[in-house]
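Some notes on the structure that comes next.
Chain IDs A, B and C follow the sequence of writing; residue 1 opens each chain.
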Amino acid sequence: MLNSYILRRLLLIAPVLFGVTIIVFLVISLVPGDPAKAILGTFATPEAVAQVRHDLGLDESLPAQYGIWLFNLLQGDFGRSYILHKPVIVEIMARLFPTLLLAGVALVLSSVFGILLGIVAAVRQNAWPDKVITVAVLIGISTPSFWLGILLIFWFGVRLAWLPVGGMQEMFGGGGVWDVTRHLVLPSCALAAVAGAVLVRLTRGAMLEVMRQDFVRTARAKGLPERRVIFVHAFRNALVGIIPVIGLEAGFVLGGAVYIETVFQWPGIGRMLVSAISTRDILLVQGGVLVIAFAYVLINLLADIAQSLLDPRIRAG
Amino acid sequence: MSGAVLSTQDVVREFGGGRRWFGTPRPQVRAVDGVSLAVPRGRTLGIVGESGCGKSTLARMMVGLLLPSSGAIEIDGASVAELARTDRKALHRKVQMVFQDPLGSLNPRKTVQQILEAPLRALHGMERAARRERVAELMSLVSLRAEFAERYPHEFSGGQSQRIGIARALAANPEVIVLDEPVSALDVSVQAQVLMLLADLQARLGLTYVFISHDLAVVETISDEVAMMYFGKVVERGPRARIFADPQHEYTKLLLASIPGARQKT
Amino acid sequence: MSGRPTAWRLLTQNAVVAFGLGLLGVLVLIVLAAPVLPLLDPNVTDVLHRLKPPLFPGHPLGTDQVGRDILSRLIWGTRLSLAVGVIAALTAAFVGSVIGLSAAFYGGLADTLLMRGIDMLMAFPYLLLALAIVAALGPGLFNAMMAIIIVNIPFFARGVRGGTLSVVNADFMAAARLSGLTNLQIIATELLPNVLPGIVIGVSTTIGWMILETAGLSFLGLGAQPPQADLGGMLGEGRNLIQVAPHVATIPGVVILLLAVGINLVGDGLRDVLDPKLKSGGLARTHARTAAARGEERRRGLTPAGSDARLPLAVRGLHTQFTVGRQVYKAVGGVSFTVKPGEAVGLVGESGSGKTVTALSIAGLVATPPGKIVQGEILHHGEDLVDAPMARLQAVRGNSIAYVFQDPLTTLNPLMPVGEQVAETIRRHQGVPRAEAWRRAIALLESVRLPDAAARASSYPHEFSGGQRQRVGIAMALANNPEVIVADEPTTALDVTTQAQVLALLNDLRRERNAALVFISHDVGVIAELCDTVYVMYGGKVVESGPVADVLQAPAHPYTQRLLACVPVLGHPDRKIEPIPGLPPATNALPDGCAFAPRCDLAEARCRSGSIELVAVSGEHLARCVRVAA
């Protein structure tokens, strides 16, 4: 059902993506100092610098640079990495899937467990499950995910030696699905823990809020069993507020992947970005940020559409 | 009309219009659609209508909080829109407003003293000592104990809050007060108190009221003239006795017939 | 007389928050004292004593990979991380608040442009944007902090704008304008004080994030640069040593955790204190039914039900209370009434008189917490609904006793088609298949004269007008041919003309089906038109009852008399309106004797003590006044 809301929302994607390219472009081109010198080092010859400046299009005006950059971008040309000596797009494509897999699994894990525990905490408010969950949530939102990752490696990888601690080099390197899954367990849990804690808290609050609404009283006045009151009437309404936050969580998970990939040596875009920043491989950073931002925008689009399918008031605009 | 202190001439106010990004054009609504009214000095004009008829929009235009899309509103022969642009303080010394939600119209973070002093200082440039004296006077005018002035709004009931709202309007020493559903949020016993207070103040201070309400019986009690609004237009107006005894417009008749007490008696 | 002392007391009263404050206080004290503590130089290396475990002589927390003292580095690092977090949060809050405030206050094009820009920034996962900024500015603690500030500004701007918008349209802003205040004065004295609590909440709940985020950047080597170290940097250095010297990475992590726990606890506490919505345990979950005292305690002093046990509804000696903090609100203080088959009973009173709580008590719909039925019973054909098994109560609700509520917008589920909301209750009680329930729902919607019912049954509540929604509410109540319909101010939210139609409809249909009606209203006129019997309530008690004609035409209780005298009556504009002086009593501080005595000009000494009983004025007409008995 392609209703007018979804259509409008799809059309709005274009200016958002356009804006994203402008911001990425501006941030990178406002680099203080000469990127060419930064790339080549302090002892480069003037000729070499001029050559690199030309290659990067830095001898053009800023709008012209942007125009050329965008034009190339639309053709899939993200430029060349001076450090890796290959096209940026090739490097990104090789690393996109591992990142999306890690972030996706973490997002699903955190959403499912976050919402379930949130409901349990709300329904059993002030009883022991609620108290246990509340303390766990507090610790969850206060824990740096990279530190959690290190602890997981230490206990499950080193001490107990149940799971591989990292070293996932090639996604399709022959280990098969089982190997990938085993490598995925620890990083996705570390990544999901914090995001999940935020969702537990949100779901609990949303459920408590909704349970006080008049229509819940109406549902009870109709003699509906409490199970139906909670899940059909209260939860669906709470979900309207939860879904956009899941969209935001996607950003959290995609960003957090940078830490987790570094800790677990996961071959994704996050780890690529960190090393690209330290080697000042500007174009690689630009491409990586852009691709992840696009993914994030698309996930939020899906969240908005899901929310509109649930809530007729949003469809009406 | 001779002696009119406040008058409106073909006042129109539109909302909306334009387009959304990639969207359908937004519908344009005429909230107020060509209203002409006049309020004689020292009298009360009652404006009756149901929700969405444009009566609150009209009220906000009368005090210069909103500007008309077209048409003119005059107070004491001066244009309200003009004054709102050039000399807001002069305008608000002439016309004030009392709002529907008694608590919502008081800043929760200010004491009653501070709330009542604001117009005294800003509109009349009164000194500190004079202000204190005047606040005490205003409190007694609306039958509140002077020591209540040190309290915050949440410590008051709805009826008391509405008295403070009225005192705030009085502080400006206006000629006209526009009352937008001033008793709708109050219980009947408290509503009666506020209605009596308003009548008493009018008699003592010679105020002119524009009293806006959906409650026919209340409007009948307090008004000299009555205007019926329906979908942004005044469909009928005239002296109170005539309107209620001999309604001409179908909508007025329907409204009168809908009052529970009225049908019972027929 | 500011609100601060009470807020501070509230904050420290909560044991959990006090723990957070204590934890945070200790950490802050330690880092503030760092320059005077007898610590080793955090940057002096000693390769001979590298990677010593905790409790090593001279190094209480051991040493790192180049033999530096971990305790010293930890305290200095915490100092750095905390400072960066606080500065970043305050700066981001300030800049974001200025943007959000101006956007909301000035509106128009400025608002649109600022917010579009903010939307664009928020289209990035914020850590990624921070990385891009660090990539551009180059690694370093200051640059990392700038990046964290920039990516957090949009969150504050958006939040503050939302908070401001809700204040900008408040009536008191208009009132300030009318008081002659300038824009600047309005922002400073009206807007800011009301938006500030939201900003404080924002800052207190983000400082923790900021610390984690800057620690993250340092962890990646993009923040603090060696040899200087903040907590994240120390963690990063210890990461590769996790197999040989786990303490190097573990200790700074524990400190980050403690710091964040402390900040989050205090932030939550602040939010609870400052957010009016959360005050007085506002977010307690409501239970499936109202709590009640145990049977024998509840029935103490009740006479045997006798013939009342055969009636569809008999409320006997009902006391319902709300406990909020230490205050007990006796909302209903001993209400008894009976409903015969097909009878229309009216409960009339002002707000706080207990009429709605009485109505909701019937089917156990008073919110618990804080509500509780402490005394009395509610008999439905002799069965006490107060302690009937849950399944039995649910079988009665919506079946033999059905409700119509006040505000039809909030009482219908916004996400469910109206037809389904009617069909749901039919399926529940009649056990018919889906299609049949849907067919019956449409028939019901037709019977309440919802235009084009078959098609509109699939529409959602927001697509109907107020009057139409209340017709749906009535259809829902009628769905299972109830014996008793409890209608709680069903037309208060509606316009006069709509109200008349909806009332007529409700009355016609319930007569057709011979359902009894319990009608709650503040409007004497409506009660007079609709009801056979009326109960006038004041301060949680029935003060007068009897046939409508008797009570309203010859009121015996001074309150009823005065109430009728202060209602303007259409067609009698010259009738003198006599207000009742004073205010209705608060139910947590009811006076002894007659609750109306303080406002009654006929009150005598005996009105102010003991309990005053209902006595017969004539036949069925009763009043709770000492002057009637005399």
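Keep this in mind: a contact is a pair of C-beta atoms (placed from the backbone, for glycine too) under 8 Å apart; a residue touches a chain by one contact, two chains touch by 3 or more.
Computed from a prediction, not measured in an experiment: that's the story for all the values here.
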Contact-richer chain pair [B-C vs A-C]: A-C
Most centrally placed chain, judged by C-alpha centres: C
For chain A paired with chain B, centre-to-centre distance based on mean C-alpha positions, whole Å: 53
Computed distance of Cα centres, chain C from chain A, in Å: 33
Complex contacts: residues of chain B adjacent to chain C: 50-51, 60, 63, 65, 88-89, 92-93, 96-97, 99-101, 104-111, 114, 118-119, 122-123, 150, 157, 159-160, 165, 168-169, 171-172, 187-193, 195-196, 214-218, 220-221, 240-241, 244, 254-265
Chain C to chain A touching residues, read off their complex: 116, 119-121, 123-129, 131-139, 208, 212, 215-216, 219-222, 232, 235, 238-239, 242-243, 246, 249-250, 253, 256-257, 260-261, 263-265, 283-286, 288-289, 363, 365, 367, 390, 394-399, 402-403, 405, 407, 410-416, 424-425, 428-429, 460, 462-463, 476
Residue numbers on chain C that touch chain B, as the complex places them: 1, 170-172, 174-182, 185, 189-190, 193-194, 350-351, 495-497, 499-500, 503, 522-523, 525-526, 528-529, 562-563, 566-571, 573, 577-581, 583-584
Residues of chain A that touch chain C when the two form their complex: 16, 19-20, 22-24, 27-28, 30-32, 122-123, 125, 138-139, 141-144, 146-147, 150-151, 153-154, 158, 205, 207-209, 211-226, 229, 233, 236-237, 240, 250-252, 254-256, 258-259, 262-263, 273-274, 276-278, 280, 282, 285-286, 289, 292-293, 296-297, 300, 310-313, 316
